[in-house]
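Each of the next two complexes has chain A plus one other chain: chain B in the first, chain C in the second.
Presenting the complex of A and B:
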């Protein structure tokens, strides 16, 4: 666009505004990283000396390890189940046309739009009626509700790039529906399936509100952080935050590599 | 296509349906029933009694929080939209496609960092001897009380929804027909006027949806009002967590939750109606 009212100052101002926005978004993340290595108990400027004492304190806290074990346990199961459920829903959307499909899709995608306090209360009340509250299984159930829409959305995006005739071609060549699923659909959707596994795990790692409502004594790590927040100022939050950030980012980058890296050889992916 | 109902098809379609009906729809429906239950001697009893509705709706505290929450969420939606727009506009129109990819990637990162940790981190910035007041002190000013104010709550809401609002605005801005903007420029329409007369109307759906999401997120958030706003005045979400966690007043908490869902549905329908108003498709 070579328009007449292009102005260098406005251009510069807008680019600078982008930088400011990112500064705002990343300031808390960076501060948490910096202060996790700060020796002072009460964070202030100027910084104290470099120290890993808070890492040592966190690492030697058995409650944190229990929380981490819970988080990993919950996260793994949630990732596998919600990816399977999400894949099924996305495939249903890809393949079938039926009465009430809009309602079906709404049900598949709606849960993340309900505020977590409401979902948390509803889950707590309902699950305690059927004696499933206050356990790890309660967090798993609730997180699958929240995570499967993400898995569904990711898989759906991938399937929308697929030629529907591929599956029909497999049937015509004598493949059963199950064989076509095994040798055509799943290989094609594989990057999205792995991407969904990582993303849903990352979402489950960070979710604290619903987990706080339903977990009882089996707290996950983010719920522990909420407990720390209620207690007092503690640099341990920064340590756990930095740790969770590194884990989540690793998962997200894996997902990103799988989703974009394989997308380039999309036509080839269907015949391997 | 083959037969539409088969064991094969149901294997893939049913799990989601059953799971969400049983663990998503059922709990929400149960909330309605729960709001008519009664609590006696700290035990809940199945009942059909409107006492919870009458009690909650009869309290001025409830209506104060309701008004406050509504005002805060509306302000958050407006402020976030206004602050995010120049950013998404610049990313959409002033960056090369490669840089835009990077900007989008960077905006996605915050979704995978703990919101709690970011809020705690803002406490470090905003507290009386925190980073910002430390900077003020170095030039001989302050300290200004920043924490436990509405300002701090707003910072929290911005932290929660700014990246999402930028991304949603961005996706609607990217798909604007560039020739429209060039046409406006060729007709000697000024820069600001082009933004208001061409860009914003073309991207209206995305902008409204972005504001709506910001409203929903802020309306239901209890972390920022508590840990940045100091928990006073009380928002509806704080009221729910307090009512649930201290004592067995779940039926009353259900009344608050249902009122919130009703409000959100009304706002969502109004916003979507406004977004698509006058559209032929």
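Presenting the complex of A and C:
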């Protein structure tokens, strides 16, 4: 922005507004973070003394560990499978023109727009019909349905920045279609592929509603949190909340670094 | 010419849905020649090149490379490397890795690969940039990388799709001589697609002019310039004055602006048939007084002038609205009143005229 055109009041107002927005979004999380280190049993002001006793309590609970293991197991598989599916769908969109492509894209991107309760119920009804409910695989299947569109959207964005001549150039230089995929398309899309891995894992890690419907006894961590909340109000929830938040944010930040950091060199081939 | 042909287009037609991009193309490309295919956008020149590279399949007809039909050969099995208009360098590979790519795809070992790619970088004078990223190179340097990347497999033919269009004027001229020298040294065939007359005429041994999917003329720059075959070619070159009319009983051409004599060798033209006479702008002259009887002339008004180096191009308009142009040196022009709207005589020797074979 040009210095001449600046209005100090407007500028201050805008900055304050941004600050307020961030405060609105992060205050509950920050509160949860603060209370997780509070010795008092109930969240209240003034705070009691600093304490890690709730962390100790959580760490010594075998049910929490089981939930975490489950979450990680589910998250890893979901990330890999839905990224693969999303990449395939995005490449199809990039490479081919066919009748009904708009409908294909709409359908492929649809799942995240379905209310999760409906999706969860439908999943439960469907999976129990084929005897797949109440297991880790149920959560995996449900989460792949939710996550694949995210992976597709991310990869699609990256492929849209690619000079379409690149793939043809690879063929022209003697690369078969598989070789072009391996040596040109995948290297070009690599930042998006890794980004999609992290994002889908984060989505799976956080997702609660659908997992609650289909997980049965193999609860993931967010489902476990609800279990705590129903039993007793315990600061342990704050501990788990903080933990889940830190993990998710780490994954999302990794993805952001990958997607924005390397995207800069993308248009260089076609410009200039 | 049979033994000399490297590529043969035999009745090749390309349709995209209802649109015919290339109509019945018969063309031979000779071994070791620099052939330019020229035309405005949508004339089918790029489609022709892409069919040769195997990126588009002909709808009808046959393309032969070295005598063998290649219609069904996928592009990665043809040795027809191409330099792209966008250059299509791989942004995730550095300079030498880009050049190595084709060798890697052919299963050449890593050390051999590096050595051969290195040689080409040296030849293109870009060795110092071997480890650079593509985004760190200038336009001219990228051009050289693209050339090295295509030539590293030592093909018999190199396809070039308007590779210079993104460069600024002086770099363009420099790359033209780089390309021309390269083609002479290697002795391989270059097929160069362009919309630029100056590029095609400056570099090519033979030029193919296309319009609406049809070849209008094939020939050397000299041949096309001096004797355009069709009105389209004459207009496309933009360096001739064109007079269309009917042959009168006395063998002159009767047009809306006057009666003109035809050059002597035009014995085949019958009275009553239509004909088009073209006169090069360098063989047309200006005068403020009526020229002598050895010349043909037409009156026209000055509408504009364009100065290009030592010569100037004067644009004029006849009474019936058709445009004329005259190229002349500054000394001659200085003797004439040159204001816009000035009435002048445009004149020429009948022997300098050329009658289009196809009116």
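Keep in mind that, in the parts below, the second predicted complex is superposed on the first by the 251 of 272 C-alpha atoms of A that agree within 3 Å, B and C clash if a C-alpha of one lies under 4 Å from a C-alpha of the other, contacts with A are read in each partner's own complex, and residues count from 1 in each chain.
As a working rule, a contact is a pair of C-beta atoms (placed from the backbone, for glycine too) under 8 Å apart; a residue touches a chain by one contact, two chains touch by 3 or more.
These numbers come from a predicted model, not from an experiment.
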Room on chain A for both chain B and chain C (clash or fit)
fit
Chain A residues in contact: does chain B have more, or chain C?
B
Does chain B (first) or chain C (second) touch A:58, or do both, or does neither?
neither
For the superposed arrangement, I'd like the angle with vertex at the C-alpha centre of chain A and ends at chain B and chain C, nearest 10 degrees.
100
For A:32, decide between first (touching chain B), second (touching chain C), both and neither.
first
State whether A:118 touches chain B only (first), chain C only (second), both chains, or neither.
first
Output check: A:166 vs chain B and chain C. Expected answer is one of first, second, both, neither. What do you get?
second
Of the two partner chains, chain B (first) and chain C (second), which one does A:24 touch, if any: first, second, both, or neither?
first
Going by the contact rule set out at the top, does A:244 touch chain B (first), chain C (second), both, or neither?
first
Contact-wise, after the overlay, does A:196 reach chain B, chain C, both or neither (first, second, both, neither)?
neither
With the superposition applied, I'd like the minimum CA-CA separation between chain B and chain C in Å.
7
Would you tell me the residues on chain A in contact with chain B in one complex that are also in contact with chain C in the other?
171
Sites on chain A touched by chain B in the complex:
1, 3-5, 7, 10-11, 14-15, 17-18, 21-22, 24-29, 31-32, 35, 42-46, 84-89, 91-92, 95-98, 104, 107-108, 110-111, 113-119, 121-127, 129, 141-142, 144-145, 148, 152, 171, 177-178, 181, 202, 206, 208-209, 213, 222, 225-226, 229, 233, 237-238, 240-241, 244-245, 248-249, 251-252, 256
Taking the complex as given, what residues does chain C use to touch chain A?
53-55, 74-77, 80-82, 84-93, 101-102, 104-106, 133-135, 139, 142, 149-150, 153, 166
Can you list the residues on chain B that touch chain A in the complex?
1-2, 4, 6, 8-9, 11-17, 19-21, 23-28, 30-31, 34, 83-84, 86-87, 89-91, 94-95, 103, 105-110, 112-125, 129-131, 134-135, 158-159, 162-163, 166, 178, 181-182, 185-186, 188, 190-191, 213, 216-217, 219-223, 227, 237, 240-241, 244, 250, 253-254, 257, 260-261, 264
State the interface residues of chain A toward chain C in the complex, per the touch definition above.
163, 165-166, 168-176, 179, 183-184, 187-188, 190, 265-266, 268-270, 272
